[in-house]
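In this document, chain identifiers A, B, C and D correspond to the written order of the chains, with residue numbering beginning at 1 in each.
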Amino acid sequence: MELFKIKAFGLLAEKLQASEFDFPYHKDTEQLLNALKESHPELQSSKFSLAVDKNLVQQNTGLNGNEEIALLPPFSGG
Amino acid sequence: MELFKIKAFGLLAEKLQASEFDFPYHKDTEQLLNALKESHPELQSSKFSLAVDKNLVQQNTGLNGNEEIALLPPFSGG
Amino acid sequence: MARKPKNIFVEGAISPEKIATSIQHHSEKTDIGAHSIFLGQVRADEKEGSVVRAIEYTAYEEMALQKAFEIREAVFEKYPLTCMHIYHSLGEVKTGEICLFVFTSSKHRKVAIDACEELVERIKKELPVWGKELLENGETWKVNT
Amino acid sequence: MARKPKNIFVEGAISPEKIATSIQHHSEKTDIGAHSIFLGQVRADEKEGSVVRAIEYTAYEEMALQKAFEIREAVFEKYPLTCMHIYHSLGEVKTGEICLFVFTSSKHRKVAIDACEELVERIKKELPVWGKELLENGETWKVNT
């Protein structure tokens, strides 16, 4: 079983009390998101996007386990 | 007979070889312009506006002889 | 609060240091969230088989200051700006140097950006200022497009 | 001419001197006629019964630099710009200090102004950067509007 290394930023890193954590492999972003929300209920009330290899995910995307996954709250730069 | 003191700027000051000159009184801007073009033919080929007391003249305007008259070629600041 | 006409003219080029100082002065105004700055720089355009090496600016100063004041008031009326600054060179400004500095500040970016653009357009169109392009070889009067 | 991703991040506030130096560097480029500059400044907003004293910025840096590069390329493609510079702060920036510096240069003003505005909008919307507002009394995550 591969593990994802998942990065979290901003408010989410605070809520999850981690800026990077390991998480079991899932075969696509939809399954991964569901599993994340189940194991981290604090994500259910949060607005965030998923990035796979530094690209925002717009629709369900297949995963092979080597991707860099990141949880991104709404941007507030500038 | 009153005399206007007429200011000229930019290209017009160069053409008239003066940045200020005296000119006989005329009762409105239309007559003044006609007289100016007659006595200074170099004005006939020049595009310029007339300012009376630092306001651009948009239509024929009466003059009492105490106004500050200026000949302004197209602006090219900035 | 009644405002009075301010001098906008600077003898010669506007230095980057002057711009930095002007920005620095706004750090006290902590309700500002956005600054928009426009700078006009003298180009080495090709003209009449030669090249521009400088522009020499003259103005009908009293009228220009009055007009700049009217423009200031109108733009302050239209946009909720915190600050507005306009500087234009007189005399000789060499190619690569700054001849116009327009600076607007507001709480939010859209206001500062829109007001700055409107100011630049009005300044170019309405201020009685003239530029004579001094060429390597001769001179010619600048025409704004 | 292939361009590579450039670092846009600056530790702490962006100083007026840095801005002046950046302007100064463009005096060599004598085909430039217009510069447009946008500066973001940290506001002392009232929040949760307290007042913002600083914003602490963090970013997903690798993604932000890649995204900034894509935005740069797209804007260079769309507008005939001579130069484009983007700087964003990381870490703590106090109220009244500059946290964003966007700088475009072109032959004519319209291009520089439009490109600068588009860059600012895209930077705010598309770069994975987060600001935490540090209050006199507590803290809260910034929300862009």
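In this text, contacts are C-beta pairs under 8 Å (C-beta built on N, C-alpha and C of every residue); 3 or more make two chains touch, one makes a residue touch a chain.
Every value quoted in this text rests on a predicted model; they were computed, and no experiment measured them.
Most remote from subunit C, judged by the distance between CA-atom centroids, is A.
Chain centres here are Cα averages; for subunit B and subunit C they lie 27 Å apart. If each chain is reduced to the centroid of its CA atoms, subunit A and subunit B end up 73 Å from each other. One inter-chain figure worth recording: subunit A and subunit C are separated by 49 Å, centre to centre, where each centre is the mean of the chain's CA atoms. Shared interface positions of subunit C, defined as residues touching 2 or more other chains, are 40, 120.
Residue positions of subunit A touching 2 or more other chains: there are none. Every pair of chains in contact is given here: A-D, B-C, C-D.
Considering their complex, residues 16-17, 19-21, 23-24, 26-44, 95-98, 105, 107, 109, 112-113, 116-117, 120 of subunit D touch subunit C. Residues of subunit D touching subunit A in their complex: 40, 57-60, 62-63, 66-67, 88, 99-100, 120, 123-132, 141-144. Interface residues of subunit B, counted against subunit C in their complex, comprise 7, 9-11, 51, 54, 70, 72-78.
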